[in-house]
Amino acid sequence: MSNTFGQLFRVTTFGESEDRCEILSGVFEGKTLGTPLTMMVRNKDARPEDYREIAGKFRPSHADYSYQAKYGIRNWQGGGRASARETIGRVAAGAIAKKILSTFYPDFEIVAYVTQVHDIVAKIDRSTVKMKDVEKDIVRCPDAIAAKKMISLIEQVRDEGDSVGGVIECVARGLAPGLGEPVFDKLEADLAKAMLSIPATKGFEIGSGFAATRVRGSKHNDEFEMRGGKIRTRTNNSGGVQGGISNGEEIYFCVAFKPPATIALQQKTVTTSKQQSELAARGRHDPCVLPRAVPIVEAMAALVLCDHALRQRAIAIMDS
Amino acid sequence: MSNTFGQLFRVTTFGESEDRCEILSGVFEGKTLGTPLTMMVRNKDARPEDYREIAGKFRPSHADYSYQAKYGIRNWQGGGRASARETIGRVAAGAIAKKILSTFYPDFEIVAYVTQVHDIVAKIDRSTVKMKDVEKDIVRCPDAIAAKKMISLIEQVRDEGDSVGGVIECVARGLAPGLGEPVFDKLEADLAKAMLSIPATKGFEIGSGFAATRVRGSKHNDEFEMRGGKIRTRTNNSGGVQGGISNGEEIYFCVAFKPPATIALQQKTVTTSKQQSELAARGRHDPCVLPRAVPIVEAMAALVLCDHALRQRAIAIMDS
Amino acid sequence: MSNTFGQLFRVTTFGESEDRCEILSGVFEGKTLGTPLTMMVRNKDARPEDYREIAGKFRPSHADYSYQAKYGIRNWQGGGRASARETIGRVAAGAIAKKILSTFYPDFEIVAYVTQVHDIVAKIDRSTVKMKDVEKDIVRCPDAIAAKKMISLIEQVRDEGDSVGGVIECVARGLAPGLGEPVFDKLEADLAKAMLSIPATKGFEIGSGFAATRVRGSKHNDEFEMRGGKIRTRTNNSGGVQGGISNGEEIYFCVAFKPPATIALQQKTVTTSKQQSELAARGRHDPCVLPRAVPIVEAMAALVLCDHALRQRAIAIMDS
Amino acid sequence: MSNTFGQLFRVTTFGESEDRCEILSGVFEGKTLGTPLTMMVRNKDARPEDYREIAGKFRPSHADYSYQAKYGIRNWQGGGRASARETIGRVAAGAIAKKILSTFYPDFEIVAYVTQVHDIVAKIDRSTVKMKDVEKDIVRCPDAIAAKKMISLIEQVRDEGDSVGGVIECVARGLAPGLGEPVFDKLEADLAKAMLSIPATKGFEIGSGFAATRVRGSKHNDEFEMRGGKIRTRTNNSGGVQGGISNGEEIYFCVAFKPPATIALQQKTVTTSKQQSELAARGRHDPCVLPRAVPIVEAMAALVLCDHALRQRAIAIMDS
């Protein structure tokens, strides 16, 4: 099982279901040492009794069955490595990646936000939205009107024992051109992998994404112009990446999240001894993961960007 | 520049713009040796004179500018490593990956096909479509009526000097459960990276994809049932992957392709010496890459599946 | 900083100077889960005050200066990542690697032992020595007479405030032919890297090693013969590896350890502010690391062998 | 089979037994492009008929048997991937690595030379020897008297149908402190792996090497002093590397080569059908590989140093 992400900026996570943070190594007198920065989060609120029933039943659209098929064993107490709690390590690492990126690119900023919950679509100006706009409400959607509707919908869905999905968009500004590689390690390829490695994701779009399939080339192409003394594009359908390499424009992409698999409604399933059975979730469950996934999307994007920034630094022409 | 893909089944490509195939190493008396299987394709039809103009101008939505920004030099004669011709190495490697997968899983088959060109959407039964259905017409769309419309549209667009994009779907059948990993190297994550590493791709969806964002959990979840003595899912919104690991159902996903950047119409751009200029493509250019991209999608998927099949073999419980 | 070792059997260590073991993740109901097996060892006996003086002085032949030159910062309280305590993670991982190897190869065993301390050279029958012979005395040398002399010498050297080095040999038996790769990842190459990654090592020999340089080919070659129905070699100057791949014979190699750099005697050095100065070690220091290095050598060898066993399993011919 | 070496400066080799060089990709108008620089060498002098006999017999101390055991097939026409000809790719890559290192470190130089053939040991001043001294005679030993004796011995051994081994030393000067990593990827660990990946090598020593095992710490430690305004060591038993990281002193190491396995004398072996047999080499064979191995040692060292120089560049403090 590979638990490591990144080539030069490398993150390794461990653990199954955890909750509280402690720094174990890598910091000395308030500074990082270059040594592995280890943070441990203990889960002080594990409730294995909530999971007793699912010891013997495969939850629909969870990793229970496929995991069992692969490893021949699974920790049924909370989702194991497939638990969204695994992502806490990614968020911690992302925070450091962002610090490094800010050192390399003083104008660097990265903002992720919810643009859609179920059928509610927000209107957001991607080029001006700031993190403080995102953190204004609990649903992490900077369009106040849409946010209100999303909160209502999520509450209603919770009451009905059901769940909903949605879309998160992320934009990174202030990066130099030259990040990414032209063949297998294209910047968008590594971003896609990073995003699809987040639990519950089903899709990824860079720039114009699937909408690009319905636009003609003459309209889709991003023409170059001189602006502020720099080579810039007039439009940005490319999403800031051309041929796998950043072109200095905003990098932006969208991620699709499915509705969470854990619902209170009764569902059909089979037991580990292959008997037909039924199951309804007890214990904690979240009817919509979007708001909690926003910092994870941001973190994973930062990991990819930081890794490529370091890779570019290694080969960059010396006097530039 | 990383030119290698895969962890156990590893592919390394080289070269800029080539055309004809020759086996250089790795085969002895008609069998592979385990040594690097090297295939070289020489481009016997390079036309550098077609590219003369673009030596000094950045083509919109091509890799010219970002590549130059990264490496400080570029081969303007044909697109360099960003040329779609680089993908020939992937297709050759994919053919071998398919052979290996067929040895491991006798019922294995993989089929990719065009499901959309611009606004023409085909109707295809994903579970029954075969490669021979795909190869029936030049547009590689197994819906004959849609295929005819697609061909007309592509001809019209070519005449107008413009270009169009579309969507390719790919389905892999007959694989065992257990391929993929639960954290960073999820099967869908590696597929996403593989697909977004293909030139001109803008999006990726596994299973229900972006549509999943508008469906409730109670409807989206794939309930388990016993079928033919096996644990199966009733529906397959998961796309054959749960928690990063294959569950034995069909693996299917979609890839969005933008309209090709090279068009005969006049476009605004800047020169390498930062002067405003204009550009219209001369030389060969393809108004729609979808038909030619089908084998590349199939090949990249095979590379990912073969790599994970080998990884699973390394750790698989011995008596299974 | 790369803190990960191995391709399929992967070990990641963290931390600076630690001492007590706790299992954090990866075990459930007494079995490993396939998830990262995390063990944490807290140092309950750190004595930072012993290190106060060296905050401002570079210890000769320690990593202090080179580490500072690389990272611009160092944790002077105990050696940081260069501390031999880092190796505890390797020993823990090695124990698991040995378990896996025993599952794959029922006759597998691996034994390391001290063959030389300073000028005292032990006589040991490499083909019959067992771990219980090694653990008979504190110096981990299975030749009782030499062991006694070694212990005396180490005590004398300690009294004089000085230190001594020596040689550890390691032998692995019961492995199949076919482990290792023919080009860069030769089995002996990966063993050499593993050994030279242990603190205080200065040399590595596989099989006949440096002595091979003074023997003629006609005498050095390991002739093949049939023995017990198997293809075997009469001699084993190859050390069980030919062309980078194990041949089924005993794999054996030697590792040279320098005398520890920390000594109580006064030595010349410079301060971090580039002033000439002197230094004599206070605090704990070990006049000879050989006995404590034996399990580390064994563990690192097991990591390499297990990694290659897994790699071979992935590609092994199916019906064998 | 892994055919790739290095993390940032990556080399991939292919092919079995080849002889003539051609640049296939990566160069444009006399400059490298950043794309894979592919060089192909065709073997214009293959003599498969010389190998006919060994199709059915395992050559003693060759890779024939272990290779067959691993892959179930081998190319018996010339040694396959275990052929020393595989190293031509390494030498070509090493030449580029040296160019890059010279750009980063203007005083950089690397020199390898033969210090021992069988029992003839040369006297060489490691700190002053230059490549032109090495290239003075065919045996690549800069001690003229020893060189003469070596040449005589090699001729005599050839006449007797036998072979001899020896030792190559390599020294790299002019590198900055800070190359290498403190844990698994220690500079000496990567050098050890690189050297043991060269065919026919049996041992590696950095700095004082195995001799360190017989010296006390008080004598072995490299005391620091100020010299020319820089922190320097008085002695260099460390071989320029402390705690896995270069300290700015000369990096030097030794590599042991066994006598070549191919000899004209009659030897016992078994056939592929497990019959006892005999074998005497026909065809070309070299009684001593040392002179030809000198550029390979130099190249592999350059690959490791260049890779670590790039890795250090990626993380180096910005204003230094």
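Residue numbering begins at 1 within each chain, and the chains themselves are lettered A, B, C and D in the order written.
In the analysis below, a contact is a pair of C-beta atoms (placed from the backbone, for glycine too) under 8 Å apart; a residue touches a chain by one contact, two chains touch by 3 or more.
For clarity, every value in this text was computed on a predicted model and none was experimentally measured.
A.B. asks: As a test of understanding: of all chains, whose mean C-alpha position lies farthest from that of subunit A?
C.D. replies: Relative to subunit A, the chain whose C-alpha centre sits farthest away is D.
A.B. asks: Any chance you could check whether B-C or C-D wins on number of contacting C-beta pairs?
C.D. replies: C-D
A.B. asks: Could you tell me the distance, in whole angstrom, between the mean C-alpha positions of subunit B and subunit D?
C.D. replies: Roughly 40 Å separates the two chain centres.
A.B. asks: List the centre-to-centre spacing of subunit B and subunit C in whole Å, with centres computed as mean CA coordinates.
C.D. replies: Roughly 45 Å separates the two chain centres.
A.B. asks: If you average the CA atoms of subunit C and of subunit D, how far apart do the two points sit, in angstrom?
C.D. replies: Each chain reduced to its C-alpha mean, subunit C and subunit D end up 23 Å apart.
A.B. asks: Enumerate the residues of subunit D that touch no fewer than two other chains.
C.D. replies: Within subunit D, residues 1-4, 7, 13, 34-35, 70, 80-81, 182 contact more than one other chain.
A.B. asks: So in the complex, the part of subunit B that touches subunit D is made up of which residues?
C.D. replies: Answer in residue numbers: 1-4, 10, 12-16, 24-26, 28, 31-36, 38, 40, 70-71, 73-75, 77, 80-81.
A.B. asks: Mind pulling up the subunit C residues that touch subunit B in the complex?
C.D. replies: 7-8, 34-35, 103-104, 182, 310-311, 313-315, 318
A.B. asks: What residues of subunit A sit close enough to touch subunit B in their complex?
C.D. replies: Within the complex, subunit A contacts subunit B at residues 1-5, 13, 58, 60-67, 69-70, 72, 80-82, 86, 116, 118-119, 157, 161-167, 176-186, 188-197, 199, 201-210, 212-218, 220-226, 231, 233-234, 237-239, 241-248, 256-263, 265, 267-270, 274, 276, 287, 312, 317, 320.
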